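Several structures are given next for inspection.
In what follows, chain A forms one complex with chain B and a second complex with chain C.
What follows is the complex of A and B.
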């Protein structure tokens, strides 16, 4: 069994970036996709930033494989609901008693693009960053280990629960539980999973807490590090540049209507 | 090293106390084994000795709990971690999840204790060597077998150089081959000496091999305390659910059937049994 993370360990340039740099890049791309007024902003961010970075890290295939499963169902529902039920919009295509509205389709296009950029950026960090490197980087900047541990646990939560439920399912299958069949049979087979999954997780949390405490996790005072995560000068500069740019983008977005009104009025 | 005076403890909402009037004094460097049946209070004793009672497990307690001169009821868990190490039965849950290689996992406790970074590699290498994990230093802790993970838990404690190491059934969830891996490390600990060890264990033969002293717990009390061979060969252990080793049972039966005369102590381990039966044959 491997660690419960999405991280794909490869010795490539993107993976060698400091985790905080990757985190800041990711947040910057998300802000960019949300703040730019253009309908295609999300798609542009995804194609011009997320895809090249994923290619650099050699993680484009797993990123895309995870991404479309999230974005496609959302996109379909967005286009159907917003397209058909947009109130008072301009009809584009008639479908019997219904019609697709241009405004609804534009809205769905914009939101889907944003989701593509947000999830793509999130997966970029998840697939390209070793969680322990992220934890060490944050702790080296004085973030308390209790907080970094919560972040790490959150990253590992879903894969961890998946691994545990697989084990329980295997054990139950070995004792004759039917897990194949139609949707009703498969849903029914989920029920016996719940109790051991929840109870087992609670017991594990308690034991893990004891194991951590036995190793001085809650000790007050300075921590030291067995290994340091490299943080090059240019990466620090890049992070500052991105942070300040993000701030300007947000401010610009907030102030734009006032500026527009002022200019228009002038 | 250990000074327990009249310690009693009851878990929250429990109808009966888990420990009743425990008085135990253990000198520095002693290898003490604890045996007992189910609900005897062994694990509760391990939590008392490692400070998790009363700091983690609430409930009611009384008595004096001191380890290495430190009052564990007053010290914080962080302070206690520098003095007492605890290894328990589930190897998987002892992996911190915070570090992704074996060597970093071992160093995790040192990082928390603020040990200088320059000191860490030497201490980590020594702990890995002692537990036979040197060649796995760069592997993921999650990729190890159960026995290797338990040795990793041991290494993670040994690296912190505790004055007292408490092991609560460290082999109970392991297969026979993995048990041997862990016992070999414990054997080394006992042979090299220096550290005070409290081992809670069901494998009586191993205990008989390397413990300096054995205590027997029953219903929250210490009911026997003494030399391993004397204590572990006691027939009363069978009724308490602890049992005797096959060697003890065979020797007792041979004596009862008149095959062997004499009143020498019954054997507990294989080597003791060989001596016991060879001695009897010589006398014939």
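What follows is the complex of A and C.
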């Protein structure tokens, strides 16, 4: 059922961690990459935390192949735009009538590193956590089962809808719709593709609701779990430690100018 | 609280599932087709807001962007609150009866686009260095070249894209609702937003 999510099923230590632990680790790394003042902070978090964790889970290769596709377009845009057009920057490399500015390049380097760390941390969770385990542990923490139902059934529904969209495109092409070509042709082809897809799937909503009702979806009271997800003592402790450290990091970041002034004055 | 319970019926949850899948599938198609200035990745969110209320719209928007993360594109996760606001606003405009006049509904789309642009600019500037990694970065470059700050350039780019995208999205939702049968629409908790009183009047339906 998880065919279209990123999750890769493997029996390794990282995968066996409680999903909440992975979520907290990932959020902690994101905060770390955001609050550390150093220009290389993102790269340091990525190399010293994201990469080792990915190696532990045996998911470094898929993580990297997804990650560079996400980060590269941002990096290119940033280096070109902020590098060339930094207002009042110091020119370092001349390119004809333009020049790359030092400040813009430093900015782009810093943000690219941060993106590597942030997107890498997100990918750690989605590559290393079975969505159903994640939902079970969220439910056990009090998230309503209607929310977890929504997420899990959407994951199941997306491939079907994708297949349907391809059928609609083929059918409309057979009737002479131009789905390729210049921007105007592609834009005009959108509505004949989107409308049947959306209408067709919304018509099914009624039946889905009846099927849900027949299975006691809106029944009040406690529900039991068919499966449970392991939550070891040390993982609970680790989550607390990370949450408290994250709080201190954020506080430290906010108070940093005052601390600096105090030290400078003393 | 009472209204909230009435909004979140079983059919609302069934609708949210379909709306999320629509957002993701249509959003992916539009992204791959490389059409400028539109994403169309919140059509389902606007639709849910309109027929199931602002809070259901909010939930749909937030979950859409979180689900993108699980399905392979974590780049949308930081914009989850803004997607939620889009659903919330579509719900408010629906409750104000704006859907019933086409120009008010499109104005609602425009206002939603404005708010979305204002809220997403700080995220784009702070987290993504002011760029989107897509073709619209040409606009960002233009704004930067003419002396705008990173935040101003991100806002300028966002305004142009979001105003167009949200107005088009509201228009597409308008077309979809017009094409849906009254029997189905009347099952949704906020059907009064999209149906005239005469549609719900059994005698007039039987007369037709």
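Here is the rule we use: the second predicted complex is superposed on the first by the 201 of 266 C-alpha atoms of A that agree within 3 Å, B and C clash if a C-alpha of one lies under 4 Å from a C-alpha of the other, contacts with A are read in each partner's own complex, and residues count from 1 in each chain.
Everything below uses one rule, namely that contacts are C-beta pairs under 8 Å (C-beta built on N, C-alpha and C of every residue); 3 or more make two chains touch, one makes a residue touch a chain.
Model, not experiment: these values are computed from the prediction.
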Handout entry: Partner chain in contact with A:208 - chain B first, chain C second, else both or neither
Key = both
Practice task
Quick one: classify A:122 as touching chain B (first), chain C (second), both or neither.
Solution key: second
Practice task
In the overlay, answer first, second, both or neither for which of chain B and chain C A:154 touches.
Solution key: second
Practice task
For A:145, decide between first (touching chain B), second (touching chain C), both and neither.
Solution key: first
Exercise for the section: Could you say whether A:187 touches chain B, chain C, both of them, or neither, answering first, second, both or neither? Expected result: second
Practice task
Considering only touches as defined above, state whether A:225 meets chain B (first), chain C (second), both or neither.
Solution key: first
Practice task
Kindly classify A:197 by the partners it touches after superposition: chain B alone (first), chain C alone (second), both, or neither?
Solution key: second
Handout entry: Of chain C and chain B, partner touching more chain A residues
Key = C
Practice task
Would you check which partner chain A:174 touches, where first means chain B only, second means chain C only, and both and neither mean what they say?
Solution key: neither
Problem - Partner chain(s) touched by A:108 [first = chain B, second = chain C, both, neither] - result: second
Exercise for the section: Go through chain A and flag every residue that touches chain B in one model and chain C in the other. Expected result: 4, 131, 149, 153, 204, 208-209, 212-213, 217-218
Exercise for the section: Using the touch definition up top, name the residues of chain B that touch chain A in the complex. Expected result: 50, 52, 56, 76-79, 81-82, 84-86, 88, 90, 93-100, 103-104, 107-117, 120-121, 124, 140-143, 153, 156-157, 160
Problem - Residues of chain C defined as touching chain A within the complex - result: 8-11, 13-18, 20-22, 24-26, 28-30, 33-36, 38, 40, 43-44, 47, 59, 63, 66-67, 69-75, 77, 127-134, 137, 140-141, 144-145, 147, 149-150, 153, 172, 175-176, 179-181, 184, 187
Problem - Touching residues on chain A, where the partner in the complex is chain B - result: 1-4, 130-132, 135, 145, 149, 152-153, 156, 204, 207-227
Exercise for the section: Using the touch rule from the top, collect the residues of chain A that touch chain C in their complex. Expected result: 4-6, 66, 70, 73-74, 76-78, 80-82, 84-87, 107-108, 111-112, 114-115, 118-119, 122-123, 125-126, 131, 146-147, 149-151, 153-155, 157-158, 161-162, 165, 179, 183, 186-187, 189-191, 193-195, 197-199, 201-206, 208-209, 212-213, 217-218
